[in-house]
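I'd like to ask some things about the structure below.
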Amino acid sequence: MITFDNVTKSYGTNIGIQDVTVKIEKGGFVFLVGPSGSGKSTFVKLILKELTPDKGSIKLNDLEVNRLSNRQIPKLRRSTGIVFQDFRLLPQKTVFENVAFAMEIVHMSQRAIRRQVPQVLNLVGISSKATKYPNELSAGEQQRVAIARAIINSPALLIADEPTGNLDPDTAWEIMRLLEQINHRGTTILMVTHAKDIVDKMEKRVIAIDKGRIVRDDANGCYGAYEDEKLPGFLQMGGVFNNNAE
Amino acid sequence: MLNSWKCAFKQAFKQAFRNRAMSVASMFSITAMLLILGLFFILVVNVNMVSETAKKQFDTIQVFLLDETTYEESSVMLADLKRMDGVSEATYQTAKEAMDKWKVKWGDNAYLLDGLEDENPLPNSLIIKVSELEKADATVTRLKTYDGIEDIKYYKDTVDQLLKITGFIQVGAMIVILFLVIVSVIVVSNTIKLTVLAREREISIMKYVGATNWFIRGPFLIEGILIGIVSALVSVGIISFIYYKITELIGPEIFIMLSTTMVPVEFLIIRLVWIFLALGISIGACGSIVSMRRFLDT
Amino acid sequence: MLNSWKCAFKQAFKQAFRNRAMSVASMFSITAMLLILGLFFILVVNVNMVSETAKKQFDTIQVFLLDETTYEESSVMLADLKRMDGVSEATYQTAKEAMDKWKVKWGDNAYLLDGLEDENPLPNSLIIKVSELEKADATVTRLKTYDGIEDIKYYKDTVDQLLKITGFIQVGAMIVILFLVIVSVIVVSNTIKLTVLAREREISIMKYVGATNWFIRGPFLIEGILIGIVSALVSVGIISFIYYKITELIGPEIFIMLSTTMVPVEFLIIRLVWIFLALGISIGACGSIVSMRRFLDT
Amino acid sequence: MITFDNVTKSYGTNIGIQDVTVKIEKGGFVFLVGPSGSGKSTFVKLILKELTPDKGSIKLNDLEVNRLSNRQIPKLRRSTGIVFQDFRLLPQKTVFENVAFAMEIVHMSQRAIRRQVPQVLNLVGISSKATKYPNELSAGEQQRVAIARAIINSPALLIADEPTGNLDPDTAWEIMRLLEQINHRGTTILMVTHAKDIVDKMEKRVIAIDKGRIVRDDANGCYGAYEDEKLPGFLQMGGVFNNNAE
C-alpha cells in the first residue's frame, strides 16, 4: 500500500525525516510512534503530498506520489481518509456539514449524505452535536468529528495523526474499537500515537521513529522499552522533592 | 454537474451569510467605488451635453459677397453649397436684411446706425449653417475657390477654442475615468484579497481534505458575483436618487444659465445599470479568482 | 513608559513587515483613495483659478453722464466713489476717448464709425473697476443716488451668471469632495477592518494571555499610522508627478485658451503633503482603533 | 486559592458545568479528569473569565471573578499561568517572542527577558527552536512552548488544560517533573488531563467531572475505576474481530 524508499525531508536546517525506507502492506494496521518532533507528522504529510520530499520516492499503491501533478493531488487525498493532528475542521460549517463536505467532494448524492452522515456521527458518539460549529465543541468532540470525516467515505487507506490525543481513555478505546472494525473490513490503517497503553494492548505492528530515522519496526510490538528505565528515576526525583518539602 | 452548481450556489449563499461582516465590507467597498465612477459618469455626460449645445451657437459662416456679384451667381453658389457634406442650411441675405439684424442686435444703441441706412455700408451675404462644427473648415476651404466673394467670416477662433476645450474635457474625462477604474479595481481586488486571506485556513483545509480547485473556487466565485450584483444595484439606486434630487433642485437654474437641460435620470439609469452590473460582476468574479490563485496553486 | 513605546514601535514595524501582504493591501487602498481625492483637489483649485480670472474681465461698471454734468461735479463723484468699499479704481472718460476705444475694439469694421466722429453720439462717462465682483451691486445702488447720471452699464447678467456658475462649481466641488472623503473613509476603514478581522485570532490570544487593551492596540495603531504616512507620501509623489507632466504638456495651451496659467506644482505639493498626511494618519489611526473595538470590548 | 460555589454554566441547551462547588487550596496540585465534553475546559475558562457563569460565584484568592470589570481582567490573567488545550500561540511571533510576550505584558525589562526566556525554553526542551514560528513546529513542540509561556512569570496559579496531550510518554513525564518542581516552589497547579498513567502514578488530588457535575474528589486519587470494567469487554470484542479475520 505505502512504500517509502530512502525518503529524506528536511526543513532548512531542521530534520523532518531522514533516509526512511519502509513498506506498509495493504490491510495492515500500523502504529507510528516516537518522541515529540521525531518526524511522525512529516511522514504522514509526505504520503498526502502536503510536503514534497527532498530525496527518495514514495509510492501509494502503484502511484508515484512525487510525480503527481497539481491536478491529481485532490484525487489522492479524496481516496484517503485523514485525521489531522490539529483537526482541520472548517470553522464556518457545522459538524454535519463538515462531515458532509467530505462526501460532497466525491460527488455523492444529497440522499446518501443525509443517510450516512448521522450514522457515522453516531458511531463516533457526537450525533447530539450535529448542528454545532467546531468552536462550540470540546477538543475531544472536535477530534471525533475529524475521525468521522476521515472514515465516512470508507477509504482504502486511513491515516490518523494522534486521533486519541484529546480523548479520555474510555472514548479512546471506543475509537480504537471502531478503527479495528474498519481495519477488519479491509482498510489499511496508519496511526500516529503517543498512547503507550493502547499500542501495548493492541499488539499490532509498531514502527518507532526517532530524530527522523526508523529505529524499530516490530510486528506485534509495544510502545517502547526506554521509558521503563526512566520512570523509576523520575519517581525517585519526585521523592527527592517530597523530602525537600517536608 | 447541474447538481454540483446548485450545491455551489447554496454554499455561496451560506458562505456569504455566515461571513456577513466580510461580505458587507466587500460590498461597501465595491459600492463606494461604483458611486465615484457614477459621479464622474454623470459629470461627463452633462458636460458633453453643455458643450454640444454651446457648439450649436457657433455653427454659422457668413460669406460677404462683392457688390458686383449678381443674385444669379450667388444662387449657383447656394445650390452648390447646399449639396455639400456638413452644410445643413444656406440662405441669401441682402444688405438691407443684414442692417435690420444689426439694429435688432444693438438694441438701445441702434440709434448709432440711423445715419448709415441710406448709404448702407454692409454687403449682401450668404449665411451658411454647418451641421458639424468640425466640418466648417472644409466648407470654408471650398468657399475660397468661388469667385465673387469679398470676405468669409466665421468664428474660427471661438470655434477652435471650443473644440479644443471640449476635446480636453473629453480626453481628460477618459483619463480620469480610466484612472478611477484602475483605482477601483485595485481597491476592490484588495478588499477581496483580504477577504480571501482571512479565509486562507478554510481554503487550505478544503484542499487537504481533497477538494478540487473548482470545487473550492465555485462558491467563492458565486459569492463574488453576488456581491458584485448587489453592489451594482445599490449604487445605481443611490446615484439615481441623488441625481434625481439634483435635477429637481438645480435643473431649472442650469437651463436658464446655460440654456441646456440636464441629462434626464432615465437616460442615466438605463446605461448605468448595465455598465455597473458588468463592472460589479467582473470585479467580483475576477477579484475572487485572482486573489484565490495564490492559495490554489500550491 | 518610554520603553514600552519603543517596544510598541518595534512591534509595529515587525508586524507590518510580517503582514506584508496585508500592509501593502491597506496601503494600496489608502493611496488609491488619496489619489482620487488629490485629483479632485487639483481640478477644484484650477477651476477656481480660471473662474477668478474670468471674473476679473467683468469688473467694470460704466456710468454714462448726462451732457449737462460738469467735470467738477463728476470729480466729486469720482472722489466719493474711490472711497467706497469694493472699488479699486475709478476714472473719468471723455466721449472722445470712448469713441477711440470703440474703434480699437471694432478693428476691421471701424470704418462704420467714421461718419459719427463729428457728431459723437457717445456721452462722457465714469469707468469704475470693482475689486470684488460680489460688491458691484452695492456700488451700483450707491451710484443711483447721484444726480447727473444718464445710465449705468455693467454686465449684470453675465456677472450674475458667472457668480452662479462659480458658486455651483464651488458648492458642487465641496459636495463631491465630502462625498469622496466619506467614501474613502468607508473603503479604508473596511480594509483595515478586514486586516484586523484576519488577525482576530492573534488579538484574542493576546487578550487570553493577559495583555491590556492598550498593549494590544499600540502596535496596531502605530502600524496604521505608518501605513497612513507611507500612503500619503506615495500619493503626493504620484499626484505631483502626474500634475507636473500635465502642466508641462497642456499648460501653455491652457494659457492661450483661457489666459490663465495652471496652478503651479509647488503650490499644490505643499498643500497636498499636509492635507494628505493629516488624512492618511487619521484614517490609519482611527481605522485601526475603530475596527479593533469590537475585539477588545468583549 | 480557587473557590467555586454552586457554579452553573450552560451554552444554550448544552451543559457546560452544573452546580459545581469545589475548593482548591493554595499550594495544591489538582488533577481534573473526566470524559470528553464533560466540562473540564469550561471549568478552566470560568476561572479566567473567558466565560461568565450563569449562576454561582467564583473566587480566586479573595477576588470575586464575576465582579471584575473589563479593565481588571488582564491583571487576573497575567497573574495566572495558562496552558491552553489549543496552545494559542501567536502565529506571527517566533517561539522566543511568544514566550517573551508574556514577560512584556507584565513590563519586564528586555534584559530580564533575554536572560530568562532561554532558560525556560531549555527547561521544556525546545531551546533549539527559539527562532522558529509556531507553524514550523510539531504539535508536541508547540505544546511545550505553551507551557514555557505559562510558567515564565512564576505565577501563583498555573492552569494547564491537557498539557501533555501531544507529548510522548518520556517528554510528558519530564513536563510532569517540571510541574511538580514548580508546585514545590509554592505554585498552585490545576491540571486537566486524560493521561491515566500520569494521574495514577502521581497520587495527587483528583477531581472527576462528568456531564458537568463533580462525581468524585479524591486526595491521593487515581484516574478512575470505570475503565477497568470496560477494557476486558473491548479486548473480548477485539478477539471477536480477530476470529472473524482468521
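So that you can tell them apart, the chains are marked A, B, C and D in the order they are listed, and the count of residues begins at 1 in each.
Definition applied: a contact is a pair of C-beta atoms (placed from the backbone, for glycine too) under 8 Å apart; a residue touches a chain by one contact, two chains touch by 3 or more.
These figures come from a predicted structure and were not determined experimentally.
Counted as hops between touching chains, the shortest connection from chain A to chain C is 2.
Note on connectivity: the fewest steps through touching chains from chain B to chain D is 2.
Among the other chains, the CA centroid farthest from that of chain A is the one of C.
A straight line joining the Cα centres of chain A and chain D is 24 Å long.
Distance between chain C and chain D, defined via averaged C-alpha coordinates, is recorded as 64 Å.
Looking at chain A, one finds that none of its residues touch two or more other chains.
Shared interface positions of chain C, i.e. residues touching 2 or more other chains, are not present.
If the chains shown are joined wherever they touch, the resulting network closes on itself as one ring, and no chain has more or fewer than two partners.
Under the touch rule stated earlier, the contacting chain pairs are A-B, A-D, B-C, C-D. Interface residues of chain A facing chain D in the complex, by the touch rule stated above, are 11, 14, 33-37, 40-41, 85-86, 132, 136-141, 143-144, 162, 165-173, 176-177, 180-181, 184, 194, 196-197, 201-202, 223, 226-227, 230-231, 234-235, 237-238, 241, 244-245. Chain B makes touch with chain C in their complex at residues 21-22, 25-26, 28-29, 32-33, 35-36, 39, 111-112, 115-116, 121, 161, 164-165, 168, 176, 179-180, 183, 186-187, 190-191, 193-195, 197-198, 250, 253, 257. Residue ranges on chain A touching chain B, taken from their complex, read 48, 50, 70-71, 73-80, 82, 84, 88-92, 101-102, 104-107, 109-110, 149. By the touch criterion given at the top, residues 3-4, 7, 15, 18-19, 199, 201-202, 205-213, 215, 297 of chain B touch chain A in their complex.
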